[in-house]
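First the structure, then my questions, so here it is.
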Amino acid sequence: MRLDEGTSGVFAIAATPFLPGGAIDEASVDRLTDFYVGCGVSGLTILGIMGEAPKLDQAEALALSDRVIRRAGVPVIVGVSAPGFAAMRGLAHGAMASGAAGVMIAPPPSLRTDDQIISYYRQAVAAIGADVPFVIQDYPLTLSVVMTPGVIRAIVMEHSSCVMLKHEDWPGLEKISALRGFQREGSMRPLSILTGNGGLFLDFEMERGADGAMTGYAFPDMLVELVARAGAGEREAAHDLFDAHLPLIRYEQQQGIGLAVRKYVLWRRGAIAHETQRAPAAGLSAVARAEIEYLLERLGRRDRRAVLG
Amino acid sequence: MRLDEGTSGVFAIAATPFLPGGAIDEASVDRLTDFYVGCGVSGLTILGIMGEAPKLDQAEALALSDRVIRRAGVPVIVGVSAPGFAAMRGLAHGAMASGAAGVMIAPPPSLRTDDQIISYYRQAVAAIGADVPFVIQDYPLTLSVVMTPGVIRAIVMEHSSCVMLKHEDWPGLEKISALRGFQREGSMRPLSILTGNGGLFLDFEMERGADGAMTGYAFPDMLVELVARAGAGEREAAHDLFDAHLPLIRYEQQQGIGLAVRKYVLWRRGAIAHETQRAPAAGLSAVARAEIEYLLERLGRRDRRAVLG
Amino acid sequence: MRLDEGTSGVFAIAATPFLPGGAIDEASVDRLTDFYVGCGVSGLTILGIMGEAPKLDQAEALALSDRVIRRAGVPVIVGVSAPGFAAMRGLAHGAMASGAAGVMIAPPPSLRTDDQIISYYRQAVAAIGADVPFVIQDYPLTLSVVMTPGVIRAIVMEHSSCVMLKHEDWPGLEKISALRGFQREGSMRPLSILTGNGGLFLDFEMERGADGAMTGYAFPDMLVELVARAGAGEREAAHDLFDAHLPLIRYEQQQGIGLAVRKYVLWRRGAIAHETQRAPAAGLSAVARAEIEYLLERLGRRDRRAVLG
Amino acid sequence: MRLDEGTSGVFAIAATPFLPGGAIDEASVDRLTDFYVGCGVSGLTILGIMGEAPKLDQAEALALSDRVIRRAGVPVIVGVSAPGFAAMRGLAHGAMASGAAGVMIAPPPSLRTDDQIISYYRQAVAAIGADVPFVIQDYPLTLSVVMTPGVIRAIVMEHSSCVMLKHEDWPGLEKISALRGFQREGSMRPLSILTGNGGLFLDFEMERGADGAMTGYAFPDMLVELVARAGAGEREAAHDLFDAHLPLIRYEQQQGIGLAVRKYVLWRRGAIAHETQRAPAAGLSAVARAEIEYLLERLGRRDRRAVLG
C-alpha cells in the first residue's frame, strides 16, 4: 500500500465532513470513506485544499488522517503542504506512521523562478525524509506557481521518492504529452500522472496518457467508469459518459463555490450528513441549489446514478 | 446605433484575422464581419483581449475599428483599454468618430481597493468624455481586479454614460442576481448585462437575468439561438442546445490556448482565411487539432451547424 | 499588562534564535528577551513574520510564547496569523493563557476587496473571542493586501477588541495622518499606531502621530531613544540620531535577506549565540558580512552603541 | 553614441515635464535636458516607468524622444516596453531613427518561468531587430517578474545586441556579484550594469562591480560625484556623500509617491516649471512638502547643492 510510479486509477479527493457547529463529523467521515470505497476508487487523498486542510489544526489533521487510513482499506495520500517545514515534517511523519501510502506537497505561492521551485522540493524532501513517497501538486490557477515540464522532470530525477504528479495545470493537455515524451526519449523515469481540475478535461487527459484522476467530483463512481472505459479503448462510450456529466462537472468547478456544490451533492447522495464548511466559506443560495437540482434531474435521464429521489 | 442600458442579445467578441506574415488580413476582416452578422448577432465587440488588441499599434487599431464599423451594419463596441489615458482617449475618440456604438474599459491589474477602482473609472470618463457610452469589463481571472456588486453600482450611479457590464467574473451567477436585486430595490438604475467566459455558464446566466452574451465562442449562431430560446422561456430546449456545445465550449475556454482553438474553428467554418495569431501566441499541436475535429464530429451529430465537411 | 488603545513606545519584533541544527535555542531565547528588556522596550512582539513563525509547528510556537512571556516582564504580543481559524484560535487561546497582552493578525494574501478584508477580521474575532485584544497587521508589501484608512476604521469601529495598528504600509505617512484625522473628526475611536518597515520612516512617522514603533531593527535601544526624543519634541536630535543609523536600517530592510542581517547584528551584539535561520533561509555572503561590519564601524563613530569590539 | 557593454557612468532616468493642464511642457523638456547634462551625466534614459511613458500616446512618445535626443548631446536610451510587439517595434524604430543610443525593454508582469522570460526577449529582439542595442530592465518589485542571474546570462549570450542590465532587483547586491562572477569564469561576455532603485544601495553597488547608476534621484550631480569617487577608490568620501543624501533618497524611494517627491525637488532646483504629473497620479500633501523642505534644509548643511534658497 505504498504509492509508486505505477499507481493508477481514481484517487478521490476526500471532502472533510463537519457538524453544523464546525466540529469534525466523525460518523460522516466514516460514511464518506465507505462511500468512496464503494464507488470503486483506487485510493483516497485527504487534507488537500478541497479537504479544507488549512482550516484544521495539526491535532485534528492527524486524527482525521489516522481515522480515514484505518478504515479505508485502500491507499491514502495525505496532503502535508504547510507554511513551514516543521509542520510539514510533523504531518508527514504522523501520516506515514498511521499507514499512509504517501504524501502530497504543493509549492507555496511565493515561488517564482525554476530554481526556487526545485530548491523548495529539495528542502521539503530533507524535511520529510527521502523514504516517504510524495506527490507534486501542480495547480497554478490557485497556487500561482508555474512549473514547466522541465522543472517537474528535474524534481523527479533528483528524488527517487517523487512518484506521482497531481496534474492540475490549466491548460494541461500538452503538459501530459510533454512529460510522456520525456519518458519515451529516456530523459525522465516513469511517473504516475493523476489529473485534477474536477475532471473538466478528463476525457482527453486519459487519451494523452494520464494514469487516472485525482479529483473530488461528487460522482467518483463515474470517474472510475470513465477511467476504465478509456483504459479499455472504448472512446465513444467514454466521451458519452463524460459529456452527460459535463454540465454538472462544469458547475462544480467554479472557483470559490465549487466545494459548496460538491458537498451539497455528496449530501444529496447520502454520503455525508451535513454540507457544512468551516469558515471562511461561500454558501449556496436557494437559486444555486435549484440549479444543481435541475442539473441532477437532467443528468438522471442519462445516468441512473444521478437519480436521487 | 448607440449603446444604452436596454441593449441585449449577442455581441460577438471578434477575432482579429492576420496573414501568415503577421499583417492584418483585411479580406478576412470583412469576411469575418459578414460571418458574425450572418449568425444573427446584435452587435460586435472589437479590440478586446481575445481580439489581440494589445498586439496592434494605435494606427492599426483605429484602421481596423473603422473598417469593421463601416461594414458591419450592427452596433460595434470598441475596446479602448490602454496603459494610459492619453492612448485611451485617442482610441475612444477615433472609434466614436468612426461610428462606434460605445467603448469598453477594463481596469488595469494593479488596482486593489474599492476606492482605487471607482477612482480609475472616474479618471477614464474624464479622459474619454462623459458623452461616450461605455462598458465595464469585469474579468478578474485575467485582470486580477475584483469588483464587488457594490463597486459596480457605485460606478453605474456616478456615470450616466456607464450603460453596460461585460460580466466575466468567475463564479458569477450570484453577481448577476445581486445586480438585478439592486435594480429591483431601486438602488441602481437599469444596466445591460452581457456575459462572457466563452459562454461556459450562459445556460444559467440567462436564467439569472443576463440580457445576452458578449463572448467569442466560434458558434455565435448557437449563442444567438440560445439567447432567443432562453428569452422565450424554452428552458429544456435551451439547455439541450447548450449541453450539446458544452464539450467544445469547455475546450475553447482553456486559458492560454483558447484563442488558438477559436481561430481554428473559425477557419474550419470558412470565416477567416488563416488561423494565425501575432506573437506571443500559443499554437495548437497536431493532437490538439485532432481533438477539436473529434469534438466537432461529435457535435455535428446533434447540431448540423458543426458539420463542416 | 493587557494591550489597549493607549499603548505606546517600542515593541521589539523578536527574532527567534535557533541552534545550528535547527532546534530552538532556549538559552538564546532568554538572553535575547533580556537584551530587549535591557534596551528599554515597552513590550515585545513574537511569532511574527520576522520571528520565523510559519517555520515553527504549533507546539513549538506555544512553548516559545510561554517562555518569553514568563521571562519578559513587559507586555508581549503574540502573532497568531494562520492559514485557518482553528489554528489561529488554538494559538490565541494558548498565548492568552500564558499571559500575553494581546495577539496580532495579518490578513491572508488572497483577500482583495474591502468587504473581504472586513469580513475576514469579523471571522477572526469570532474565532479568537471578542475579549482578546488584537492588532491589525497592515503590511501590503509582503502580504499583497491593501487596506484603505476607511477599511481600518471599519474594523476598529466594529470590534472594541481592536486596539492597535501595526502600521507597515508603504508609503504610509499619509495613512497615519488620515487615521489621526478620523480620530480628530470623531469618526474613529482612539487607536494605538506602532510603525514597522524596520524603522525606515520612523523619523517622520513619529511626527505624523505614531505612538511608537513595532519593528525588529537590531538596535532597539536606538528606537527607544528616538521615540523618546520625538515625544519630547527634540526634532533635530531625533533626526540626527535617525540619520546616523539610516545606512544600517536601510541595509537591514532588504526583502529576503533582512532577517539574516538582523540576526548577524544581534549575534555581534551578543544577544544571541547563533545567527541560524530555519530553512528556507537566505544566508549572508562573506562580502555582505564585510559590508555590515563596515556600516557598524561607521555607525560606531556617531553612536557608541555600535562599537562592538 | 551607440550603447555597448563598456558604457558606464550615470544615466539619469528623465522625468517628463507637463503643463498644469496635462500637455507636455516642451520648454521644461529642454530645460530639464540641459539640467541633466549640466549635472555631468553620461547619458539619459527617457520613457521609463518614472518618465510616465505609459501615459503618453505613441505620437507624443516619439516626439518627446526626438526632442530630447536632438538636444542632449549625450547618449539617450529610450524605453520601448509596450503591451505588444507592434507598438514596441514602432517605438524602437522611431527612436533609433532619431538617433537613440539604444532601447530598454521590461518584461510584462505575466511572465513566470525562466523559459517564458527568455522566450519573451527572443520575440522582442525579433520585433525590434537584432541590430538595435538593448537594455534588460530587471525590476521585480514593480513588474513582479523575477530573473535569476542564469536567466540574464542566457539572454545576454543569445543576443549580441543585449549590452546592458538596468539592475533594479531588491535585494540586488549578490546579483551584481553573481553576474560579475559569470564574466570572470568566462561563462558570460561583458555586460554593462547600471543600477536603479533610486540609488538606495548605490554605495555598495559600486563596490560590487556596477558600472554606474541609471536612476532618477533629483540630485544626479551627486550620483555623478559618487560614481566618480567610487571609481577612484575614495571609499570613505563616497560613503560620506551617500550618507548625507540617504534621508532624501529614502524619502524619494517611496512606491507610489516617489515621482511626486522627485518632481517637487526638480521644480525646487529650477529644472522644470511645474511638478504636474498626468493622471493617475499621487500628489503631495502640505505636510509632505514640509517634510521634503526639512530634508533639503538638513542636507544643505552637508552638501551645498541642496541649498535652494
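Letters A, B, C and D mark the chains in the order given here, with residues in each chain numbered from 1 onward.
Just so it is clear, contacts are C-beta pairs under 8 Å (C-beta built on N, C-alpha and C of every residue); 3 or more make two chains touch, one makes a residue touch a chain.
Listed by chain with UniProt protein names: A, B, C, D = Dihydrodipicolinate synthase family protein.
Owing to the predicted nature of the structure, the values given are computational and were not obtained by experimental measurement.
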Chain pair, B-C or B-D, that carries the greater number of C-beta contacts: B-D
Most distant chain from chain B, judged by the mean position of its C-alpha atoms: C
Distance between the centres, which are taken as Cα means, of chain C and chain B, whole angstrom: 47
Chain centre separation (chain B, chain D; CA means) in Å: 38
Residue numbers of chain A (touch at least two other chains): none
Interfacial residue positions of chain C with respect to chain B in the complex: 112-116, 145-148, 150-151
Chain A residues touching chain B - in the complex, by the definition given at the top: 170-171, 173-174, 177, 200-201, 203-204, 207-208, 239, 242-243, 246-247, 250-251, 254-257, 285, 287-288, 291, 298
Partner chain C, residues of chain A touching it in the complex: 52, 54-58, 60, 83-87, 90, 109, 119-120, 123, 126-127, 278-280
